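Structures given as structure tokens follow.
Consider the two complexes below, in which subunit A is the common component and subunit B and subunit C are the respective partners.
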Partner chain A sequence: MQTYDLANGSLRELNATLHAQNKTTNQTSWKIINPRGAHAIACGLDSPIEVAIHGSTGYYSAGMNQHATVNIKGSAGPGVAENMMSGKVVIDGDASQYAGATGHGGLLVIKGNASSRCGISMKGINIVVHGNIGHMSAFMAQSGNMVVCGDAGDALGDSCYEASLFVRGSVKSLGADCEEKEMRPEHLEILRELLVQGECDAKPAEFKRYGSARTLYNFNIDNAY
Partner chain B sequence: MCGIVGLFLKDKTMEPQLGAMLSDMLITMTDRGPDSAGIAVYSDTAENTSKITVQSDTPDVDFNSLKIDLEKQVKGDVNLRIQSTHAVLELALDQVYSACLALEDLRPNLRIMSIGESLEIYKEVGLPKNVAERFEVKKMSGSHGIGHTRMATESAVTTMGAHPFNTGSDQCLVHNGSLSNHNSLRRKLRRDGVHIRTENDTEVGAAYLTWKMQNGSSLDEALESSLKDLDGFFTFVVGTKDGFGVVRDPIACKPAVMAETEQYVAFGSEYRALVNLPGIDQARVWEPEPATVYFWKH
Partner chain C sequence: MSINHSGIPRTTPRQSATFTQDINSEIRRAAATGIYDIRGGGAKRKLPTFDDLLFLGASISRYPLEGYREKCDTNVTIGGLNAANPIHLEIPITIAGMSFGALSGPAKEALGRGASEAGTSTTTGDGGMTPEERGHSSKLVYQYLPSRYGMNPNDLRKADAIEIVVGQGAKPGGGGMLLGQKISDRVAQMRNLPKGIDQRSACRHPDWTGPDDLEIKILELREITGWKVPIYVKVAGARPYYDTTLAIKAGADAIVLDGMQGGTAATQDVFIEHVGQPTLAIVRPAVKALQDLGMHRKVQLILSGGIRTGADVAKAMALGADAVAIGTAALIALGDNDPKWEKDYNKLGTTSGAYDDWHEGQDPAGITTQDPELMKRFDPIEGGRRLRNYLKVMTLEAQTIARACGKNHLHNLEPEDLVALTMEAAAMAQVPLAGTDWWPGKSGSF
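For the complex of A and B:
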């Protein structure tokens, strides 16, 4: 295990070091200490390494991730795991706004609560939140799955496309063109698999599924001003 | 952008360190607002005394013999404490109004930063580090305080455009965000006789709260109605003589993190601002909910 202390080293050097690891690196396990809320920690990783951040992070940690597994052993600031392509990001605490935004793939697990705009414009990422999510989550979500074991805030899934949204608790309100959908066996199977991957012991049968009512897909002259 | 920090002490033994902690938090938020910085500090004064904090671009001229000149006018004792471009005038509570009128004649170039029994506001253009050093914020003690680092968007970078803004006696406001209906609201408030000095959006927000409270609202109620009447983005932190409040607009895109321990309640635009506080690793840390008024009182 390699340890990097951000109290003594620079963020730029840390990220450059992590970027320099290729697919065959022997240094597969990294421990980052004293993150102290710094921005952009472990951003742009592109190799199958494991990075554990011991503390809370600021803006944009683990952004643009590909192949790597990043575990934040604290809470994450705004824009954690934005635009993830593959790999896994696990946050032991809470995540601030727009966690997992625009993600194309991979898995984001938030063991606490996520704030507003979680999974906004998600494009294939899977997101598992053990707690609650804030307002405007999954806004314009295009594909992928979002699993929320707690409650969802206002305007869930506003103007969403083909993402599947699973919520166990209450939904404060649904956004435009988002509706409750039938839970079929194939959805329960996806949910069961994601709950296992997200280390969550909730039961698939306790969830409801939400998705696009598809009324915004085609131009409707009656909606024009 | 802009950065906000706030600290409300529950543990009285920490009061001598308030300025040092707040100063450290403020400087951490430099890259959110390098244009100007300001700080509001609440500390006790003797009973029936009040403080007027004033600012001058030419302190050598304006503060010279100010104590004697003002004492003649108000016919009472005035204690003058100079801190760089600012001076704190301490005088009897019932002389504050006449002193403010007298100051307009005696020193027309002076600007009043704050009025209150506990409150002192210090703010200037420049890097937060330089502003904190200029006013020796580290040495200040008090029960609670609020700081702001400004990245100007809605009006020019000037001392009067810097935060905090004094809203009413012992009340202050800092703001991260931008109000989009400040011009129409300024016209409305001016028609109602509210004195607004700058083209700054936050001053309108502050004047709005003052106006609401003058018309019978409590601070909590004024903050609640701001959610309806103010259009735009805001995270507000407000201070009162014995309290400290936070409110975010319903969209809540301006960041906010809070931490609470047995000893204090702290606010930061980012978690970075809180990392040096004692016991932060054991603190309850959370993000304040949108459109929700939070308030702590001594």
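For the complex of A and C:
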């Protein structure tokens, strides 16, 4: 286990050190202490290392992650795991707005609540939220899956495309062109797997599925908002 | 004079200056379809432009440099403020962002070939980076857009610079648009969206709002790319003083400022023609912002929107820009709107020079299309050669003017070298009306 103390080191040195790890590194386990809300911690990782951040982070922690597993043992600021490509990011606490924004792949697990615009413009990422999510989540969500074990705020899935949104609790309102969809066996299977991966003991049968009504895919004046 | 059946002279039929034939045809089109007009390109309306400015040249008080003999440098370095590897360009004319999707793969290749041969950079667009484009561009600027189509850290690290796109001159406040006709399998795959649907990109970034967030976003991008490459911020010419000020505050290495003549692949005509400001009007406020913060020539200003000739380049630089970017002009150099395709333009209900339905993917020149048959009409090697020639001519023209003004570098051109032909141009460019020492708003004037 390698330990890096951000109270005594710089963000640049930390990220450069983590970026220098390649696929064959034997320094596979990292512990970062005293993050103290710093921005852009562990962003741009590109190797199968494990990074545990002991404390809360600022903006864009684990941004554009590839291959790495990042565990934030606190809460995360805006844009955590934005544009993630692969790997896994787990937040023990809450996540601020834009969590997992535009993510192309990988798994983001938020064990607390997520604020507004969770999964905005997601492009293949899977997101599991143990608690609630805020308004405008999954706005323009293109692909991937979002699992919400609590409630969803206003305008869920506004203008979404082919992403699947699973919510166990209430949905305050659906956004433009988002509707409840049939839950077929293949969706229950996806959900079951994500709940296991997300370390969540909820039952798939308790969820409803939401997705695009596809009325905005090609412009029609009668469907305009 | 015509006479009616009662023998009374008739007045000549009079067309309305308000309800013109153009307006009436648009009303009829709107009534028939129920959808606004979508097109490509930039503003077509008559605007104050660089054509309303003249260089004074040399005289007894200024002596010229010998054309073709005495040195007149054209190089520019962009991004030296923070980046370990700033971009060094041989000419101050760059190729603006245009997407694969809006343009064919061969057209993007030609832009890379031509720009590289001329010693300048080209830029990706709203659709990600293609291997062909990277391979043929010696200096490639990677756009970071609200849609984040195709965005990934591997391509980010292949870029020579990153351009965070906040706005575009053709549509300040609007997102990109790529209609279903142009969404081929490859375009759809790069954008993670189904084939054939209308793609309407977000108008603002998904994970930041405002200058304080932008500063942190720039930090993240620098961290991911190891502080190696410059980070540009592109804004539309909406509020150039404040936008330039805020982009500098956020840590931009360069500002790309795009006037309303700047083109787009597709958006609403009403947006193109009625939102934004002319390129002539935006350069001085942006330069003032740079000067007020002590950052002029440290943070570079790249001006775009309707740049066509070496004279435009020289005027932009005389007003304080460090470089310019061209988009529409580059496409014309490749062969867009060439009269040799007139019969095909006529079949589409238009004519060469006026063709702007780039979003429909039926471009007779094979440039703004994803149709494999139309794409065969375009040769990327020939296109690249034409673009190189055009860039070299523009550069020679700008050097000709600079030498005539006694400057041994294009950057040495200055507002004092210019006069304006109209009151509007004098006010916007803040140079004297020709024959006077006055411009509207000049300190001490009425």
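Quick notes on this one:
One rule holds for everything that comes next: the second predicted complex is superposed on the first by the 220 of 225 C-alpha atoms of A that agree within 3 Å, B and C clash if a C-alpha of one lies under 4 Å from a C-alpha of the other, contacts with A are read in each partner's own complex, and residues count from 1 in each chain.
By our rule, a contact is a pair of C-beta atoms (placed from the backbone, for glycine too) under 8 Å apart; a residue touches a chain by one contact, two chains touch by 3 or more.
Quick caveat: nothing in here was measured; it's all calculated off a predicted structure.
Judged by the touch definition given at the top, the superposed model places A:36 against subunit B, while subunit C stays out of reach. In the superposition on chain A, contact of A:63 is made with subunit C only, not with subunit B. When subunit B and subunit C are set side by side, the one touching more residues of subunit A is C. In the superposed model, A:78 makes contact with both subunit B and subunit C. Of the two partner chains, subunit C is the only one that A:120 touches; subunit B does not reach it. Contacts of A:102 after superposition: subunit C is touched, whereas subunit B is not reached. Of the two partner chains, subunit C is the only one touched by A:161; subunit B is not. The contact surfaces that subunit B and subunit C form on subunit A in the two complexes overlap at residues 58-59, 78.
Subunit C contributes residues 33-35, 147-148, 151-154, 156, 180, 191-194, 196-198, 202, 206-208, 213, 216-217, 219-220, 223-227 to its touches with subunit A in the complex. By the touch criterion given at the top, residues 11-12, 15-16, 19, 39-40, 43-44, 46, 58-60, 63-64, 66, 78-79, 82-83, 85, 98, 101-102, 104, 117, 120-121, 123-124, 139-140, 142-143, 161-162, 217-219, 221 of subunit A touch subunit C in their complex.
Contact residues on subunit A toward subunit B in their complex (touch as defined above): 36-38, 56-59, 75, 77-78, 93-94, 96-97, 115-116, 134-135. Looking at the complex, you find that subunit B touches subunit A at residues 250-253, 255, 257, 270-275, 285-287, 290.
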